[in-house]
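Look for subunit A in each of the two complexes below; its partner is subunit B in the first and subunit C in the second.
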Partner chain A sequence: MHMCTIVPISLTVGANRIVPTIAIPHPLGDPSLSMEEEKDIRRKLLSRALKALQTEVSEQTVFED
Partner chain B sequence: MKLELGYIFIKDIQFAEQSKVENGTLYVNKEDVKALILEDQNFKSADVELARPGESIRIIPVKDVIEPRVKVEGPGGIFPGMISKVETVGSGKTNVLKGAAVVTTGKIVGFQEGIIDMKGPGAEYTPFSKLNNLVLKCEPIDGLKQHEHEKALRFAGYKVAEYLGNLAKSLTPDEVHTFETPSLTEGLKLYPDLPRVAYVLMLQSQGLMHDTYVYGVDAKKSLTTMIYPTEIMDGAIVSGNCVSACDKNTTYHHLNNPVIQDLFEQHGKTLNFVCVIISNENVYLADKERSSNWSAKLAELLGVDGVIVSEEGFGNPDTDLIMNCKKIESKGIKTVLITDEYAGRDGTSQSLADADAKANAVVSGGNANEVIELPPMDKVIGHPEVVDTIAGGFDGSLHDDGSITAELQVITGATNEMGFNRLSAR
Partner chain C sequence: MLKVVHYINQFFANIGGEEMAHVPAEIREGIVGPGLAFKQAFGDEAEIVATVVCGDSYFNENMEKAKKDIIEMVKKYNPDIFIAGPAFNAGRYGVACGTIAQAVKDELKIPVLTGMYEENPGADMFKNSIYIVSTKNSAAGMRKAVKTMAPLALKLAKEEKIGSSAEEGYMPNGKRVNFYEKDRGSKRAVKMLLNKLNGKPFTTEFPMPDFDRVPPNPPVKDITKATIALVTSGGIVPKGNPDHIESSSASKYGKYDIDGVMDLTEETFQTAHGGYDPVYANEDPDRVLPVDIMREFEKEGKIGKLYRYFYATVGNGTAVKNAKAFAEKYAKELKADGVDAVILTST
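Our next item is the complex of A and B:
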């Protein structure tokens, strides 16, 4: 599974499960936000990733929400 | 818009009491240049050195290379929005010290600058070994932040290039080249039967000192837009890039963009060169989508038949390149891409991070992972110890005798994606 910002690259290289992230230099955070807001983003993305890992897929799948 | 570039050929560079250009020699007063650099209080010391073609000199780490130019006629000054006012440039007359350059050095990020060898096998890989270089060695004050150091060094380069360019203001050029872009309607009338071609120039804009400036605007904060090619010849686009040396576009590359030169060469003969579209390479996916949507939209609006796209850098910008390609092709417009490759040391790995079947016409600047050997030089200007840590170098790259084993990536301009390099394949 990929957690990544540039989804097209993950698709090109053949990742099965893809969770889009924030930006290349800060995939799981956003320095313009407060620490609490950043932690919230991180928790949501990580939860989404854990959900994606438990989801059966038959083709390349992007987990937008 | 019409611009005359007057080339004054420089065959030698020397220090002298008085800065001037005489019989093809650029004479430079060292103290004047040092004083100019030290106007900026961010520098505690400055030194200036010469590096001529064929001399046993290694320059490391190289940040930018800048060609001295001066406006002789027409509005504005060189590097508008940076050191000249924000006036529209690109028309009238500009004189160029052809064969000379200002090279800026300094340990900014350390791993994201490059090498220029003036002699030996390394010199064959970089176009800047053929120039008479004035090398600026500027040491920052203690505690100066990296981004402030980058900016200070960037401006030192422009100021010295302007200073040298001004020496050419009243000289009669050895050669004059004229470049003219008609309006869209005039162009259609002039060349009704020729294919209309635009050039999508992708600008590195990832932030964290991977930045390019257009009339002083940070390119990452701009939507895709259009520009006359001659504006670029007057320094409307400059590099603020600390990124892998082999495929970043220095300011010299922008001023001398070979895609623009070649399109002008064919303009009115085999094609109608419509204009340049400038697009960025940002770090958010939405930005990549938006900017490439806009490139395709402008190409469609201009009604062009073909587009040349040049990339800057590698890795995630490969996605911007492929998005530009796919979206422009989907408008029924043919594309040719110029890129380079990171195909592993043996050249067998996938060359780009992204790909698409529509990318069926691609020009490569070479494989940046190729391992090369550079012999020691008699003199090193800069900080040789960064060899082990610059992109393309590795622990043990720098040998005790001063020789280097590293990837081609370390050499400034080696796999340039405007095609401003000498690599070819059989």
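Our next item is the complex of A and C:
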């Protein structure tokens, strides 16, 4: 599965399970937050990635939540 | 008058279909089958002096011998150009056309031309080294194919300057030539946009590469027992970039052991990527390759385990061909090591 910020690119190259992320230079973090808050975001996004991996899909799917 | 030798398969020579695909190469004087259409298109500028006929299976199963025999046959006629096909979407025929045209060009040093459908496997194999005219996917496109191939063949035979792929109708061969457009860029862009808005045809000046599609894999059955690997195009590498992965147009990837690594830090890892502001990734590489939280998940039993290695390259102007080759290689290793799923992060 693909975690990336620019979802249209992911769709163009053909990823089937996509989780949108925060920003190009820090997809799984946010330097404007505290370390603990950043880790929370990372946890949330990776939990979504695990959910995506456990979900049956028949076509390209973006996991927004 | 220019002399042409033409190559066709058993089907176009009217010998037979699949059941006759085993016939070895033979040469016949003059025109056979689709040569007639070429003759009409050439008028009195060129003449097909001989036609090589070879079964598709024979050629592909006896490639070295077929190549050698056919080159001897062609040599005798000392032609100004060698034309193969067109092969349309017939796979073995396309590969045969490309292979023999390439061999004639290399060994006899005469110009060659073939034609086929863009998805014919022969197209990808040879379009960068010989001229291949793009045709329809069936013989119904013969007239159109000959209309493009014949004038290009004459130009090649006369050693005239060959225009761009868009002008001449051959498949783009990766060669770039600088030239001046009549209209400036803004004018061309607006014209393209107007055509697009009006539903009229337009041709992009910056075509995207063709990306393939794969059917989605089935879901992971039990994620709490699964081995999950991290892969990134965000350029995360051990500090110092030991494999010297290029900051753009990467020609390689790295495989790095993270056994016992609980957290990626500024002291131990960095990004090699030259296409985004590296400050945040260098400060905390987990922002790109989330090893810290994956370790947490592992400890809590949310996943079986984090795979011992991660793979990384720099996705910055990296050729699709390179990227594909990297993935083919490490996907095999991941599979062999029993990895159940991959999380690929991109910047």
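FYI, the second predicted complex is superposed on the first by the 65 of 65 C-alpha atoms of A that agree within 3 Å, B and C clash if a C-alpha of one lies under 4 Å from a C-alpha of the other, contacts with A are read in each partner's own complex, and residues count from 1 in each chain.
Heads up, the rule we're going with is that a residue touches a chain if its C-beta (ideal position, glycine included) is under 8 Å from a C-beta of that chain, and two chains touch if they have at least 3 such contacts.
What you see is a predicted model; the values in this text were computed from it and never measured.
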Combined model on subunit A where subunit B meets subunit C, clash or fit: clash
Touched partner set for A:Gly29, first subunit B, second subunit C, both or neither: second
When both partners are placed on the shared chain, which of subunit B and subunit C touches more of subunit A: C
First, second, both or neither for A:Ala49, with subunit B first and subunit C second: second
First, second, both or neither for A:Ile18, with subunit B first and subunit C second: neither
First (subunit B), second (subunit C), both or neither touched by A:Pro8: first
Set of subunit A residues, in rising order, touched by both subunit B and subunit C: 5-6, 9, 12-13, 24-25
Subunit B residues touching subunit A - in the complex, by the definition given at the top: 206-208, 283-285, 288, 316, 318-319, 322-323, 350, 353-356
Of all residues in subunit A, those that touch subunit B in their complex: 5-9, 12-13, 20, 22-25
Subunit A - residues contacting subunit C, complex: 1-6, 9-10, 12-17, 21, 24-29, 31, 38-39, 42-43, 45-47, 49-50, 53-61
Of subunit C, residues touching subunit A in the complex: 208, 211-220, 223, 226, 228, 234, 276-281, 283-284, 286-288, 290, 292-294, 296-297, 302-303, 341-347
